[in-house]
Amino acid sequence: MDVLKYWVGIDLGSTTTKAVVLGEDQTVLGRGITNSRSNYDVACAVALGEALINARLALIASTLEAKGFAGRDVEELLARFELLFREQQYRAQLSELGDQLNAQAKRLKVADAVHESVGAIIPQMAEESGALFTPGARRKSDFFRDLAGSRYLALAEEVGREKGASFDVLAGLFDKAILEVENSTQAVGTFDEHGRRALEGLGGDHPELQAAVETVLAVDLQQVASVGTGYGRQRLPFPEAMIRSEILCHGLGAHHMFPGTRTVLDIGGQDTKAIQVDEHGIVTSFQMNDRCAAGCGRYLGYIADEMNLGLHELGPLAGKATRKVRINSTCTVFAGAELRDRLSLGEKREEILAGLHRAIVLRAMSLLARSGGVSEEFTFTGGVAKNSEAVKALHTLIEENYGERTINISPESIYTGALGAALFALHEALKTEGAAA
Amino acid sequence: MEERMSTSASCLEGHAALVAEAEALWKDYSLTSVREWKKESGGIAIGYMPVYVPRELLWAQNALPVGILGGGDDLEIIRGDAYYQSYICHIPRSTIELGLNGSLDCLDGVLFPATCDVIRNLSGMWKMQFPDKLVRYLDVPQDFDPAMGGAFYRHELQEITESLPGIGGRSYDEDALRTAIQVYNESRQAVADLYDLRRREPWKIPTHELYVLLRAGMVLPPEEHTTMLRAYETAVSDDESRRPMDQARVLITGSFCEQPPLGLIKTLERAGCYIVDDDFVQVHRWIVGDIPVDGDPLGNLVTAYLENSIESPIRYIDDGVKGQGLVERVEHYGAEGVLFCAPSFCDPALLDQPMAVKAVEDAGIPWTAFKYSENSGQFQVIREQAGTFADSIKLWSGE
Amino acid sequence: MTAGERQQSPEFLTTAGIDVGSAAIKVAIVQGDGNGDETMLAGVTQRLRRRDPLPVTEDALEEALEKAGVRRDELDYIATTGEGEIVTFRTGHFYGMTTHARGGLFLDPEIRAIVDIGALHARAVLIDDRAKVLGYRMTSQCASGSGQFLENISRYLGVTIAEIGPLSKDADEPEKCSSICAVLAETDVINMVSRGISIPNILKGIHLSMAGRYFRLLTSTKAEGAVMVTGGLAMDIGLVAALREIVEEQGANLDVRTHPDSVLAGAIGAALWGGFRARKLKKAGLSFSSGSDS
Amino acid sequence: MANDARTNVSKDLSQERQKRMIAEHFSKLARAPDEGRACAYTFVPGNLTELLNSFDVLPVLPEINALQSGMRGKSRDYIGLAEKLGHSEDVCTYVKCDLGMLKSGNIGPTGERLPDPNLLLLSYTGCFTFLKWFEILGQEYDCPVVMLHVPYQGDGKITNSMRKYVVDQLRNKVIPQLEEISGQPYDEDRLKEMLARSAQAEDDLVYVLESAKNKPSPIDAYFGGVYYIGPIFTAFRGTQDAVEYYRELRAEVEERVKLGKGPITPEGEMEEEKYRVVVEGPPNWTSFRQFWKMFSDEGAVVVASSYTKVGGVYDDGFRHDPSRPLESLADYCMGCYTNLNLPSRVDMLVRYVEDYQADGFLINSVKSCNSFSAGQLMILREVENRTGRPGGFVESDLVDPRYFSASNIKNRLESYFQMIDQKRERGRKSGQGD
């Protein structure tokens, strides 16, 4: 098993770029995501890189299994290995961040106090990174930007005050430096490098794991074809024939995950789509939000920023509410103002949040109604499906308006579009093969 | 009914209770009071959209006219948005929502007056959605010649009178119409008296109360509503605790169809404005003065429409007098400025506005303009605007 | 001796103006007799950066008092503006356009209009020589074209706020941004980056489309002559330059000005109106309790 | 209704003629003040062209001016100007575009100045905005306004009371006013002659529109259609020119049918007809060619459209009738597409989808026009349900370029066509017994 062929689907979304790597038998080998937004080519490369890393991690697991190593111990070991691997990645990016911060600080000729602050913040963050990646630790986000960002800003305020450096300047430096880090395909490092380090980090003697890692490192992953979709698909580095509408991709992807699906709702960063599919996953009708981006995922992003929370934390916090504040406007740009307004009226954070989530889902409900309603079975895809409160609101509203329905949500829902694209890549390849034969 | 009766018994005790009762009536989307009225009286209920329908005609045939003024800011829109694009005003989507969620089930029919293209098209949607109900588009004339527009309008009204018996209304009877006209003359007078009192002593009648009272008139039988208004008038007249404050007197125009949320009115009042005239719930004030009872009552209704209806963006106004009515109102009500307050995407109000602004400017009256929708929940921008407007009137008035 | 003790005349008052914005808190301490002899003792801006505004307000006020050499109990009036209703220790509140007009005129007595461009709004105000508001226009509900929008974009471009202006001035081929919605415009911008449009050209494009809006606001108030840009975006020299370009291109009779203290205009105006009210109240023999509205 | 979008395509005779007719009309208009000829501003739906022509009064159609401004890239500035004057962003952009043009010197599409009106003939059919529009123009010009109130077909039919109301207004208001501004007495015989010519041209137009039932369709009944309806919807109905134009056009189309040719598009002749669609709603004018190209690039032909019925629904049998001149004018006014109630609109579109064997049904919803747009989403659903064919929905505006988002529209259209494809592929597979 030296060569492994794979097919790729890339979903270039408005807020995130997702890649799914598919094997010959339609199994998902790996998934990758990035929130890099300023360069599509880089974003694709980063997402694919991530997906391939994940593919190799998965291969390690399957290799172990194939060799008869299984059970809780092995699982735990693998989980620890992966965490260490992630920590290595994080550290690599952090060190890159440090370099970039210093470079920017030099270029902008900032005050000494700022230099000193940066000098204090980064090492402290590196020191804390272990804790971030211990088993069971809660991380605010999957993205380096968010993870590093929130900690950096907190430290900037603290350290900055101590050393007399302006918070504003420190924050500005971060904004610049993080971009460089995100846009570098190198910053994340390679599988080799981190894999070996992680092994070292594990300590002790794990020959079976070591062997599996070596085996997987030797595998040659070969891309056969790729299909692109998503908001930025016109700009993807793909030939036109290899581009598919995200509507079709979401339909097909959802169908693949849950073959009984007849209605798909996708709430992404700046659009919401309601899609009806038939028993083959073929789209029969669809509706999208109009040009106003109100009430889409980006809206939650603004809210999270505003509350200084990670996207992960919004849903759980809102879930604590016992009542909901009624919110009628979901204009993304005014989200912050709305929030402050409500807070100043004395409303509780979680109750406002619960209201906001309901408002978003209400908008989606009307698109669903436009597209033909919610039939049995229903699948919720897109990034917002990761949000527990949005899911809860959706359950309630569907039940209220359409009665009992099977509602599918996969933890991998954010990859649905990319999965559909990968399936198209595979189908396309099969079609040409068929034609050639 | 029980509950309503008991509140109306206690209502004699003060304006607060009256307002609370009115608000409960307004906010009861399932129209409990209408259902009960139907049960008690054996009559039917006919809904109507803004701006104007001749309610007398319905009442004369034992049909309770029920005003449908949208869903306001309490109604969650779930299906309504599936019927309307974002660039269409809000009222039709909440109306559809109310229709689909069963709130309007007790209505035996709905009239859609010729207000604008949105309401016009809604009449067809209603026909498709509710094929079993009476659905009529009421084409009011834009020609004000009795022989042409008048004849046409009379025919339109006749068709309505003819359609009601088929769905359980009484058949048309001239005397009954005369009585109904009288009942509505009294209703109009009660409304006019409140407006007049507010003109003289705006601190006695906060607009957020008056508005709620007017909205209760959308579901109450006219006599009951008149009683409520009269009771309120007495109660506030006697309330010495309501004292004048240093506020700017403003007139609001543009809200004749989709109604502003109560929060908007409160915001304006808090930002330092006394609203001394407005065009809210305009059906109450569309006809100015009494309609004669004697003679041919149907003809009187037609004549009143042709000759005594107010200036409005939905009526064709000949060149030259556009905006004049508004300026006269400003003078009559002693307003220090005009707030053009129109629903977003309302073509009639917004296209009218520049012409009205011109008339107001030519008369040297300060003005400001903003938009809302019936479910707006954020008022900071409006508060800033109205506040600045009130600031400048207060800081600089009397020069 | 503190500044507060320097003058004992009853007409001579020390007042504070606090402009609570959505992006920054601005505080001005003003001293004067209400008859043209007015000076600003101190002005402070603190950007919120998503922090809770109340403590930042406290902090900014303390900083301003310290700078001015005035003790808190020496203030005759604390006036708020913007979203200042949250400030519990205020004496009174004035609305934004009222205060920006007054502050703008204080900074430059020749101006007869202001454009206040803040984080979430833009408004053009026509005034007379006593800062009486004669007319105004605001951007509509949709927030596109506000400072927040520019701020978001620059964050994605990795440009600090202070750099936006200078970078925009380097543009040679500004790329127009067509979206009316700030969120969608964000994506437009990302597209531009992918197409290899340079950062200066992107920024300038945005500046031009924003300036176009402000220009329309201004002309619809019928402003003429000297116009002061106030609010946070007055600091953005690229935006101001774009506005001037459009004025020139359209041949409008407008002279667009800024002042280093433009961002403080609202706070200054509030402080001045606060003095005005305080004198009135003093004359009327009224005391005022904090928290009472203007 | 548009005259200059197909510049780089070899011109047919009919097209040359149309250009000439339009050029002549505008130069007549430019000379009108000097020659003392009266002109009336009026609207397309329910226009009274024959009646005006019978008085030698020249019609000016502000809607057409607005759309022409849109096509010539002027509308952005015009709309901006109107908004500066206090008009809201929310309202119909035709009005603002027209007002902006007026305020910029009233220069028409040919570069010549349009004459001021001697009459504003407010034939108020199918749209309330017309009323506001002429109130606004009424303030700009010192001339009479005649309000012709055309009742709406609320119950889907024209009643005698409605007809009488319109005829009365024609007889008692419109005609006396025209006599006054033209100085000519009402000449019913002349009017009848014109109406006879109208009917003749209308027959040929119907042939052309219905030719799209052929496979492949020889015409595009939306993008191409707007050119075909030009003369009959505007200043030429009832003229000999119009008769000739439609005769020529018909001959050309007959020829294409014979040769089995598809429609001409901005990119030349369409090679393969891949999708047949019915379209509801007006087109976008500011990016008309780009919009068209999004269809033609995909091989999509519009086989029927409702927009080409705003100036008269002729394919359901209505013809101007010289034997009852004023009554037939009244029926014409009340019969225009936007004066039909929603159920009638749905019926008509369902008929189109079926009669023209369309693969689907698309709505272009324009922000400006409530008359068209309010209710379109329900139309979409009804037509989908009744025909079983997929509906699509895109949004733009008539002449406001700010509301034409090419990427958004392209995305939806692409998805829509890919969806039809996918369905077909599946259909083929199962057809093969897969």
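Should a chain be cited, it is by its letter among A, B, C and D, assigned in written order, with residues numbered from 1 in that chain.
Throughout what follows, a residue touches a chain if its C-beta (ideal position, glycine included) is under 8 Å from a C-beta of that chain, and two chains touch if they have at least 3 such contacts.
Just so it is clear, the structure is predicted and the values come from calculations on it, not from any experiment.
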A-C or A-B - the one linked by more C-beta pairs in contact: A-C
Where chain A and chain B are represented by their mean Cα positions, the distance between them in whole Å: 51
Separation of mean Cα positions, chain C and chain B [Å, integer]: 40
Separation of mean Cα positions, chain D and chain C [Å, integer]: 49
Multi-partner residues of chain B (each touching 2 or more other chains): 82, 85, 344, 371, 380
Contacts with 2+ other chains: residues of chain C: 83, 140-141, 180, 184
Of all residues in chain D, the ones touching two or more other chains: 85-86, 377, 395, 405
Overall pattern in which the protein chains touch one another (line/ring/star/complete/other): complete
Partner chain A, residues of chain D touching it in the complex: 377, 381, 384, 390-391, 393, 395, 403, 405, 407-408, 411-412, 414-415, 418-419, 422-423, 426
Interfacial residue positions of chain A with respect to chain C in the complex: 14, 37-41, 153, 167-169, 171-173, 175-180, 231-232, 235, 270, 291-293, 296, 298, 305-306, 308, 331-334, 336-337, 340, 344
Residue numbers on chain C that touch chain B, as the complex places them: 83, 94-98, 121, 132-133, 136, 138, 140-141, 294
Sites on chain A touched by chain D in the complex: 234, 244-248, 278, 280, 282-288, 290-291, 370, 372
Complex contact set, residues of chain D against chain B: 85-88, 90-92, 95, 122, 124, 127-129, 131-133, 135-136, 138-139, 145, 147, 149, 151-152, 154-155, 161-162, 164-165, 168-169, 172-173, 341-346, 365, 367, 370-371, 373-378, 382, 395
